[in-house]
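Look for chain A in each of the two complexes below; its partner is chain B in the first and chain C in the second.
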Partner chain A sequence: MPPLTEEETKVVFEKLANYIGRNITFLIDNKEDPHVFRLQKDRVYYVSEKIAKFATSVSRQNLMSLGVCFGKFTKTGNFRLHITALSYLAQYAKYKVWIKQNGEMPFLYGNHVLKAHIGKMSDDIPEHAGVVVYSMHDIPLGFGVSAKSTTEARGLQPNSIVAFRQSDVGEYLREEDTLFS
Partner chain B sequence: MPPSFEEMEARKEKKDNKRKRSASVSEKPAKKAYEPKGKKGKKQAPVVSDEEEMPADLPEVDLEELASAKKALFDDSEEEEEGDEFYDSDEEGREKPIWSDDEDIETLNVANMEALSRKLDEEEELEAEEAEEELVEGAVQPKAIVLPTAEEEEAMEGHPQDVTMTRTRMMEITKVLEDFKTLAEDGKSRTEYVNRLIKDICSYFGYTPFLAEKLFNLFSPSEAMEFFEANEISRPTTIRTNTLHSRRRDLAQTLVNRGVNLQPIGTWTKVGLQIFDSQVPVGATPEYLAGHYILQAASSFLPVMALQPQENERILDMAAAPGGKTTYISAMMKNTGCVFANDANKARTKSLIANIHRLGCRNTIVCNYDAREFPKVIGGFDRVLLDAPCSGTGVIGKDESVKVSRTEKDFIQIPHLQKQLLLSAIDSVDANSATGGIIVYSTCSVAVEENESVVEYALRKRPNVRLVDTGLAIGKEGFTSYRGKHFSPKLSLTRRYYPHTYNVDGFYVAKFKKIASSPHDVSKAGAKEKEHAARSEQDDTIINDDFAEFDADQDKELIQQTVNRNMKKRGVNPNARKADKVIKEEEAPKE
Partner chain C sequence: MVDKKQTKSYKRAQSTAGTRSIESEVTSDSQARNLLANQPKLTPKSKTPQKSLKTVRKEQKVIRLYGKKKAPREYTEKELDIPKLNMAVNPGVIVKKSGKKGKVFIADNDPLVYTRLIRQINDSRDSINESKLEKSRRLEEIRELRKQEMERKEQEKVDKIENKKAEIKNKANLARANRRKDNKGSAEAAKPKKRGVSFA
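And then the complex of A and B:
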């Protein structure tokens, strides 16, 4: 269960920076409870250093998961964020989109975010930036990439896409077989 | 014939007879006995016979009266024809006015007064007699009827049975068993009743005889029936609020807005909600997916509540999947410390990981070991929860297959595994933990083999643990003796839960406190590693591999000296016969 190599760290951080920008420093500089990234098989886990130390006593093939899984490396070396990273992404998100109640279920079934469903959104979202999607009660529901900047989105048709879905909490049910092992 | 039906029939016949007797003032009891059962036939019969035999048998009775009696009988029968045929409860009541009100007053005169009053007396006497007879018979009745005869029993074999009949019989037998001394039929033993009841339970509820008997023996007969009936209905759906993300009040409010009808489970838990009905699937609401709650049986709260996890502890959940208890532990620790969630089944760790992530637990390590390996992998936990794999006799309402799939072998193998697991759990705990040193053992079974026996075994094998109070508000005490087996009186500190008493799944919770460490605690792999390290580091210590090597020449000289000394002691000069004794003396020390 090694820490990430420099190359891997770069790939992961680039991806994370899309969603949380400079807030990434909060992830790595936590003075009272330092956290670390760990690679187990092809998955990246973000976990308290103490727990990572305890996990060293578990052999590699028996260790299924520790802390929070952020995502996995694809075979081509890209990094893909998983829905399991949402709690951290939501905590430090830079750009946010809130969707109305009538848009919750369509989004949770894997659809993109439509203009008609937008309740509110951050003012300064540029085009193709990572956004975290919340319900109107501030419950994080998933994340994606903005299709249009905030200003452009204002003039869109109700049925046009504002944000492309990348991951949503519905995957806990839909993808349970593939997501966690 | 079902006893109940027979009984009913018998009663009806008796009443009919009675009526006839009172109608014709007991003039021909022999005739009555042969009367047909059917109401119509029976009612017409007395009319005919009365006309025939009147002159011979009825000197004292007024003709007019008799006629009116006949008429009354007729009327009565006509009336009955119109009415419900099976009506039998208050036929007597209807007769009475016919006699006492109408005819008596009508025909009363000086001539027949005596006869009338005698008739009345007779009638009264008869009624009293019969009432008494019925009273006595009533008490005796279950004796005669409850158990089917051998022939009936034979007839029942191989036929699909009438369920209502079986059910009635089960109730009757239960009643008898509750008060065996007074209600039991003479000459029938308790075993016969119990055997019949167990057979009926098997056919009515669909258990194997083995399991039915095992479960039946846990309770008193009436409680056992309640238990079996409770197993037929499923428990209410319950959810647990994830306190890492939400609060129960907020969650309840949100779900009510979604059209879910719910209420708190009880006063014993602050996080549970019971779902009555819902317009949306409770397992797919946005709140569910966001991890604000988890669908979890109320009984699963109990072991975690008994465990009482504290913040910043290191806790092991030995059989964690699907993660309801693990996430509850994590939530109680507010994501501090460390939770090891182990499950032996790799496929099941998927749902475990999914739930852990969905509910936002960040302090967990999920591993896939056989839990018996545990003090070897890592030991020194503050608390260990062992929700052992079990036969599932407590969750028959949830999984009907238990009724037929469990055999005697299971009740040997499963407890064996549970005993090993519990010892592993005990050995994995740090006795010197400042805050903990707690082991909680739980099963979703009600069988004594998997509960009290396992705990008793652990107490015997590990004297360094003792049972402590579970701290749970509800629950029945564990057995301290069961069918001739006596357990430690401390077992009353454990808790049992039944579907029929608390409307939770059948469950068992025992809580241990480890008071001292034992040689078993040592992580064996770790010890070996330490020894290897010690050997490689310091070669010139007492631990040397050459310890067992001997230098034969050097030894020989020393041995010779000792032999000489011994010879001197015996008063023999060793030098004198040195030459011929050498060989012998060489052999001597070897012996």
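And then the complex of A and C:
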């Protein structure tokens, strides 16, 4: 189970930087419990160093998963974030959108975030920036990409899209069979 | 006063002033010369000055006394062992690369590489309104990180060589010490036992 090369790290960090910006530093600088990135097949895992060392005793074919899966490399060499990374994205998110209760279920079924469902949102969101979606009780529900900047979103119609969904916690059920294999 | 060059006599003299040299055909024409019974100038004069009789005699005398000096030997190209093609000569041992080189992983918790990556990525993302000074400072920081990485790599190389050197040196030292010890041991063993006398 190898660590990442510089190129791979760059691709992963570029994706992560969409959502958490410079807070990636906190993922790497963890003095009490240092974490590392590991590549297993095409998936990237974020693991405590201790567990990564334990994992060396399991052969590669038999190792299904360890730590938190951040996402996977596509065949074309891009990186796709998985919903499993949400806990870290939510913790360090740069731009946030909170949706009202009436918007929770539509979002969890895989729809985009509509203006009508928005409870509140960060002030300084630019266009096409990564946003993390929360319920009004601050429970992270997923993440997406902003369709409009905050100022532009204020003047939108109620049925227009504010954020394009990338991933939501509903995937734990919908993609159950492919998410962890 | 009339110019001298304008006079008729001067002009006539100038027009008829050409000289003609007469050379006999016997000397200028080689075919004609061959027909002569006496051919005194057929062999051209040698360009090198002829040795005087005195010097020739002296040389002959020296040869008779000490023998003739050998002319320095001229080697043929085969004898000189010149490479057949004009190829470049490798300076020293060149190790050929072979096989796959493999990926180069980032070491876990390598702060230099990670901080550089994070900075580079985020700098390109954030559209910051900054002055030239600020920008140059920001770029300088990244450059500094790169420099440190490079220095570290160099240091690793040097360390590797030094370690190997020390290892070889130690090996030799150890071997020498062992040899000495062995020699000492054998010398003691080789000492003849003092013969004692025992009385019954």
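In this section, the second predicted complex is superposed on the first by the 181 of 181 C-alpha atoms of A that agree within 3 Å, B and C clash if a C-alpha of one lies under 4 Å from a C-alpha of the other, contacts with A are read in each partner's own complex, and residues count from 1 in each chain.
The working rule: a contact is a pair of C-beta atoms (placed from the backbone, for glycine too) under 8 Å apart; a residue touches a chain by one contact, two chains touch by 3 or more.
Only a predicted model underlies this, so the values are computations on that prediction, with no experimental measurement involved.
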Overlay on chain A: chain C relative to chain B, clash or fit: fit
First, second, both or neither for A:17, with chain B first and chain C second: second
Centroid geometry (CA): angle chain B/chain A/chain C, rounded to a multiple of 10 degrees: 120
First (chain B), second (chain C), both or neither touched by A:164: neither
First, second, both or neither for A:49, with chain B first and chain C second: second
Which of chain B and chain C A:26 touches, first, second, both or neither: neither
Contacts of A:137 with chain B and chain C, given as first, second, both or neither: first
Dominant contact partner of chain A by residue count, chain C or chain B: B
Touching partner for A:69 - first (chain B), second (chain C), both, neither: first
Nearest-approach distance, in Å, of chain C Cα atoms to those of chain B in the combined model: 16
Interface residues of chain A shared between complexes with chain B and chain C: none
Complex interface listing, chain A residues touching chain B: 47-48, 50-51, 54-55, 57-59, 62-69, 83-84, 87, 104-105, 108, 135, 137, 139-141, 169-170, 172-173, 176-177, 179-181
Chain A residues touching chain C - in the complex, by the definition given at the top: 2-6, 9-10, 13-14, 17-18, 21-22, 24-25, 28-29, 34, 36, 49
For the chain C and chain A complex, residues of the former touching the latter: 103-109, 111, 113-115, 117-118, 121-122, 125-126
Touch list for chain B against partner chain A, complex: 254, 283-284, 286-287, 289-292, 314, 338, 340, 346, 349-354, 356-358, 360, 362-369, 377-378
